[in-house]
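Chain IDs A, B, C and D follow the sequence of writing; residue 1 opens each chain.
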Amino acid sequence: MLVNRRTLRIEWGQCDPAGIVFYPQYLIIFDSSTGWLFERTGLTPLAMRRKYGIVGMPIVEVSARFVKPCRFDDEVVVESEIGEWGRSSFTVRHRLFRNGELALEGFEKRVWAAPHPERAGEIRAQAIPEEIVASLSDPTGATTIAPDKTTSSAI
Amino acid sequence: MLVNRRTLRIEWGQCDPAGIVFYPQYLIIFDSSTGWLFERTGLTPLAMRRKYGIVGMPIVEVSARFVKPCRFDDEVVVESEIGEWGRSSFTVRHRLFRNGELALEGFEKRVWAAPHPERAGEIRAQAIPEEIVASLSDPTGATTIAPDKTTSSAI
Amino acid sequence: MLVNRRTLRIEWGQCDPAGIVFYPQYLIIFDSSTGWLFERTGLTPLAMRRKYGIVGMPIVEVSARFVKPCRFDDEVVVESEIGEWGRSSFTVRHRLFRNGELALEGFEKRVWAAPHPERAGEIRAQAIPEEIVASLSDPTGATTIAPDKTTSSAI
Amino acid sequence: MLVNRRTLRIEWGQCDPAGIVFYPQYLIIFDSSTGWLFERTGLTPLAMRRKYGIVGMPIVEVSARFVKPCRFDDEVVVESEIGEWGRSSFTVRHRLFRNGELALEGFEKRVWAAPHPERAGEIRAQAIPEEIVASLSDPTGATTIAPDKTTSSAI
């Protein structure tokens, strides 16, 4: 799989009176890290919505295990990659390191979701385009997708 | 003016490593307190949007002065009222007390905004309905508005 | 087990551009709901720290499953209870309902943590006092603890 | 004055159901931008605390004026600089641009605060070290301070 790495610095406002990161802040980092991973396809979030007609990738499950606390001003590295591909859902695996040591790890399970064809305002899971799978499965990151606005034949 | 009072308890996740409330959290409290003040009209946010065709009350200015810090588990009282009515804008004045002492005060300036009639996706300031002004200007809170779905003649 | 129920209204600032609650916000609700559950012992967070010499109840694991989205202004009910007692750790089970239907459920695993007796700045898991277990295991909520400042013999 | 520039991308979780940034999020950006500006002195937050014996730079006032909304995935530039130096307080001026246009501007007023010499747990404003003023007043950014741990003679 393609691993996306981000280097972040823990901010004052992410920490609690114990001086460590308030844990829901890590889930905010998970969410944006999934966004950056998918951008490695070559498509911005908006381009992805236009190209495939999706409304987004809503979460259906999240889990995290906290190993070591992080503190204000710590430099941390977040590594994100697809854990598993389903037909219309997938997991993103996130690991966060501080000084090279694992501080926490977890996963998000999300759905590739398009507007429901019959029920207005509702969504429906849809098959993940093959080219998305191919792009994020390529560890070199070289398999990117052109951000055109036509409907992809992969759907 | 009608003063809306809320009693809140400061939560762990609102506080920073100095043990005091991280200041942007107070602005989140301002935002929701404005919402609760307007609910005193008798209209939910959704009912207000339907009745008057507005998209919301976007912020154009905010200001706050911090007098005393608040800490985890402090019980605080927030008092919110209209500071000033303009034609299509208004200010909401917020004060937050702990143990009866002023901890901070500030105001938000917001606009009564409807979709722009010509430019899609844009908004336009609109005259605030007289009945909204009347309701929130009544210190007794007795002047409420029925949440029907017809267009108000006050617009 | 004792079930603590809170009724909350979803706020504007908790929702994302899809109009639904941004998922990390639910974990903030988990965190504060655990706080309110433990307050059913009769002890405030501060009183609990003083009485038992703990630094808090740091998280070691969290998991959530999202069933239905919640939106701005939705009234939701959060039910929290102990899922399982370990010697020095425990799980809190949270369920969030909208219109009586399950919207999400999850759990937090936390540790009863005191300062490490030898290593400054570090913490150590410690046996959960029996009276805490008794209090939160009593479904009637009638088993409360006096908030004195003496060290409990239950440790 | 030294202007610190940061380029950020607006994240999904910073935006509200109107599709624009939820305004308290801008204050979180102010807070971290002030942190990055002060790091241009050559001192990390921790080094600054050690060198000068301060507890931090608590906020006493904040103000912001919102000109244009920003949306998910917008690339924005934040420019931060000292607005005014007092003896023991100062303002930081922040401006945020999108596509080269001003989206919002504001300021924070903060205090250079040390522990109170007599009253435990309280703080006291203290004269800002001359070398801090010199460093952040130098528009070239070339005037930096060595992060030693001895007490500065500038206090």
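Criterion: a contact is a pair of C-beta atoms (placed from the backbone, for glycine too) under 8 Å apart; a residue touches a chain by one contact, two chains touch by 3 or more.
All values reported here derive from a predicted model rather than from experimental measurement.
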item	value
Each chain counted as touching chain B and chain D at once	A, C
Interface residue identity across copies chain C, chain D - same or different by half	same
Most widely separated chain from chain C, with each centre as the mean of CA atoms	D
Pair joined by the larger number of C-beta contacts - A-B, A-C	A-C
Distance between chain centroids, defined by C-alpha means - chain A, chain D (Å)	30
Where chain A and chain B are represented by their mean Cα positions, the distance between them in whole Å	34
CA centroid of chain A to CA centroid of chain C, Å	27
Interface hub residues of chain D, defined as touching at least two other chains	12-13, 18, 22, 24, 28, 31, 72
Footprint of chain A on chain C - complex, ascending	18, 20, 22-25, 27-28, 30-31, 55-56, 58-66, 69
Chain D partner contacts - residues on chain C that touch it in the complex	12-13, 15-19, 22, 24, 71-72
Residues of chain C that touch chain B when the two form their complex	11-13, 28, 31-32, 35, 44-46, 72-73
